[in-house]
Amino acid sequence: MTMFDIISLVIGVLLIVIAFLAINSKKLIKAVLFLSALSMLSVVAFVLMKAPDVAITEAVIGSGLVTSLFVFTLLSVRRGESK
Amino acid sequence: MIQYVAIILFVLGLYGLLVNRNVIKMVISLNIMEIGLNLFIISIGFVYDGIAPIITSSAGTGALIYVDPLPQALVLTAIVIGVGTTALALAIAKSIHVKHNTFDLNEVEETV
Amino acid sequence: MKNLLALFGSLLLALGIILALSNNTLFPSFGEADLSDRVSDEYLTQDEIDALGSANIVTSIVVGYRGFDTLGEVTVLFISSLGVALLLGSSAKQKRLELNFKPNFMLRVGSRALFGFILLTGIYIILHGHLTPGGGFPGGTMIASSILLLYLADDQFRAKIKSFKILEGVSGSLYVIVGLLGLLLATYFMQNFLPVGTVGDLLSAGVIPIIYILIGLKVGSEISGIIDNFLTEEEAK
Amino acid sequence: MNAVLLIAVPLIAAFLSIISKKIAPYLMLVVGLFNLILVFFIPEGFVIIGGFSQSLGINLLFDSFAKIALILVNSLVLIIFFLNIKKYGSYSSILLVALAGLNGLLLTNDLFNLFVFLEIAGIAAYLISTSNKKPTHTFHYLVLGVVGSSLYLFGLIILYAMFGTLNMVDLIGKIQLSGNYKNLILPFLLMFIGLGVEAKLLPFNSWVKGILGKSNTLSGPIFASVYAATIGFVLGRLINNLFMFEGSLLTVVIVILSVGILIGEAMAFASSKAREILLFSSVAQASIVALLFTNGIIIWAVYLIIANALSKLVLFLVINKATEDTGTDELDALQGLFSKNILVGITFTLASLSVMGLPLLAGFAIKLNFLTELASSNQIMLIAIILISTLVEGIYFVRMLVKLWYKGENEVSVKYNLSFKIVFVIIALALLVFGTYSTPLNKLDNSIDTIQEVVNNG
């Protein structure tokens, strides 16, 4: 087994586990954070597959922006519920 | 390896859409599906021992093996399109919440 | 029970796809793609690189060969920001969403200090899109996230949405107009009509940097608009 | 004149229209008119973008198939917008983008570019459906739409991995060289299912009931006639030029489509709401169109799309306007709708009879011709299915017409504007003209036949 195989195995297992957690976790904010982690791990996978452009874009847009949009949606709603 | 993981992620996203009735969780599932698809597209173009498709002045273009740049360009487009749909889906989720005061589609159907 | 069945079915589907792909004689197995069969092979020849003048081949595909896709991509972002504005209310009678925390001193000063750095990084990424990884989309998003920091630092802050709209509209139409200039000055829509220069220089690659700057401006203003829409709500009546 | 302008001009207008909301509706009108005139002045052939050789860059294909589709779509969008300009003027930026997206779908010769335009048209569609004010249905539509386009993308990426090109003409050449159809089943099935979501093919169309069943005078006609026509043309191009279903895949597709026809008609038969009857009937019609394309009956499928788009425009406009005024679309509540609106009633009757396929109307000429073509290739099962569907259609349309013509207990007062009436009359006349004097249809035959030739020679 080469270094590449070992890293990709670890990342692959982590990706599937985190995806499963994101789908099945009861709390919405947890699911959002798992999605963010999933996106960050996919960035590693992109770098591993020699796609730096995609990695930067996914890190900034997929992981950063999308997560913040999710969080804003949840924040705006939670305030409404407490009222 | 990563190719199989990508397919499983795609299918897990579909599974999430099937079992979840909460709109936020459904949008999350859509995103998981898109990440899986993006990984799959990149894995199509990967070549062992290939290098990223950027010409640097230190190396000539002759004997180097590059990974396929076209799938990378496609994924860039797909990621941005995914963000567009996610933002829209969240805005719709928010307006569902304004109207029905819940994110759960089961509860929405009860109130209607 | 129902969930387990769905999971089982989904995994069966994945197995089916994997088996179908591995039995497919024309489908290359992972890591063994043969570029000489693909159109990408030609993107990597010296002639094509010289013709476009961009050191980053992905950029030359995104903005050059498949520039029409990118125009569509910008349009997708445009229409979704339009839709978010439509759904979450127009900017006339909006006020800031009250977050659950008051920004403390560290956050206020820190994010203002970071604002400049992130803005500059975004601009740098856009300008070097044809040389290094990155480009208009991540760069534009970085510019937007620097504005997001301002939102977090000050709970009364609101960006001037009207001017963003104008910037968005103007940069978008300029993008199409650059394409139409190609039709007028050269022969085809979106054809390069500027000298390409030497591969690797900052001032090279013809219209690619210009298009990336326009994309960066447009994406930045669109995403700022989306963020503003998510962080505001209708004034309580 | 360059076919790119059909996409570029609406886009510039859309980008500029957000600066001032007041001028946006007028921009839409001007651009719509400009596009409609422009279509007639574009020479046929490939349109290269960016000046790269054919397989490297993206190019568009403007042939007679695309030309007919573009004329239909651009004129319908213009008409529908014109009728709704007062009430839904704020949707003009979205309609401009939708117009660009639909034109792109019809023109593009690149599979990934098709995906991009599918997303543009799709997102525009989700936004147009928000005018129904039913966010849960819009959300449902969005989720299905995104899944559909992702499946399409999945399929096309597998094709790229196998053949190394995204250009449709190139790809068809390479597929013909490879010879083995078995490898193609998975990607083609994924792409077909993906497009099936937008094309309202069963069982991927659960969004239709929520969207069209709650539609208004803007979203109803846009989805039932403009989007249905566009996606029908796109599906036709892909089925005939790329998929060319064979063997077991052909059987699967034909079974799916036949079941789609029967279930659609059955659901329409069982419903008592006017809008639901119309939408289930259009689900069945979409399957018939796809079925004709899979059997290679291109010309009559094209006419069927055109005739359906025209008649569905009238049907949905009449019913949705009535629903807007009365607040319900239960047939019982709308009884006697036409007793005061005789002119509207006549046009509605003509349109619905044309969908059924009664003599003297366009639908009849089309049905007769494709049934004879099916008979000549011995497709007894399909003929039986289409005849059954015609019978069921006849029953529920006549039932609906009888209800709408005969006066009930309560007065139904719906007022149709002059502009609505003019459009109805023009379309009804067109259906009559094409039904009785079908030479113009036959004349077009020769030109449509050339799609395959363009691909083979290109």
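Should a chain be cited, it is by its letter among A, B, C and D, assigned in written order, with residues numbered from 1 in that chain.
Definition applied: a residue touches a chain if its C-beta (ideal position, glycine included) is under 8 Å from a C-beta of that chain, and two chains touch if they have at least 3 such contacts.
As the structure is a computational prediction, the values presented were derived from the model and not from experiment.
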Any chain in contact with chain B as well as chain C: A, D
Farthest-lying chain, centroid of Cα atoms versus that of chain A: D
Comparison of A-C and B-D (more C-beta pairs in contact): B-D
Interchain centroid distance [CA atoms averaged], chain B/chain D, Å: 29
Whole-Å separation of chain centres (CA-atom averages), chain A against chain C: 19
Chain centre separation in whole Å, for chain D relative to chain A (CA means): 38
Geometric centre distance via CA averages, chain B-chain A, whole Å: 10
Of all residues in chain D, the ones touching two or more other chains: 112, 116, 119, 123, 126-127, 130, 160-161, 166
Contacts with 2+ other chains: residues of chain A: 52-53, 57, 61, 65, 69, 73, 76
Residues of chain C engaged with two or more neighbouring chains: 17, 21, 28, 33, 38-40, 43, 56, 58, 66, 69, 72-73, 76, 79-80, 83, 87, 133, 135, 137, 226, 230
Touching pairs among all chains present in the structure: A-B, A-C, B-C, B-D, C-D
Touch list for chain B against partner chain A, complex: 1-2, 4-5, 8-9, 12-13, 15-16, 19-20, 22, 24-25, 27-29, 31-32, 35-36, 38-39, 42-43, 45-46, 48, 50-52, 54, 67, 72, 75-76, 79-80, 82-83, 86-87, 90, 93-94, 97, 101, 103
Chain C - residues contacting chain D, complex: 17, 20-21, 24-28, 33, 37-40, 42-43, 48, 64-69, 71-73, 75-76, 78-80, 82-83, 86-87, 165-166, 168-170, 172-173, 176-177, 179-180, 182-183, 186-192
Footprint of chain B on chain A - complex, ascending: 4-5, 8-9, 11-12, 15-16, 19-20, 22-23, 28, 31-32, 35, 38-39, 42, 45-46, 48-54, 57-58, 61-62, 65-66, 69-70, 73-74, 76-77, 80
Of chain A, residues touching chain C in the complex: 52-53, 55-57, 59-61, 64-65, 68-69, 72-73, 75-76, 78-79
Chain C partner contacts - residues on chain B that touch it in the complex: 1-4, 7-8, 10-12, 14-15, 18-19, 43-48, 52-57, 61, 66-70, 72-74, 76-77, 79-81, 83-85, 87-88, 90-92, 94-95
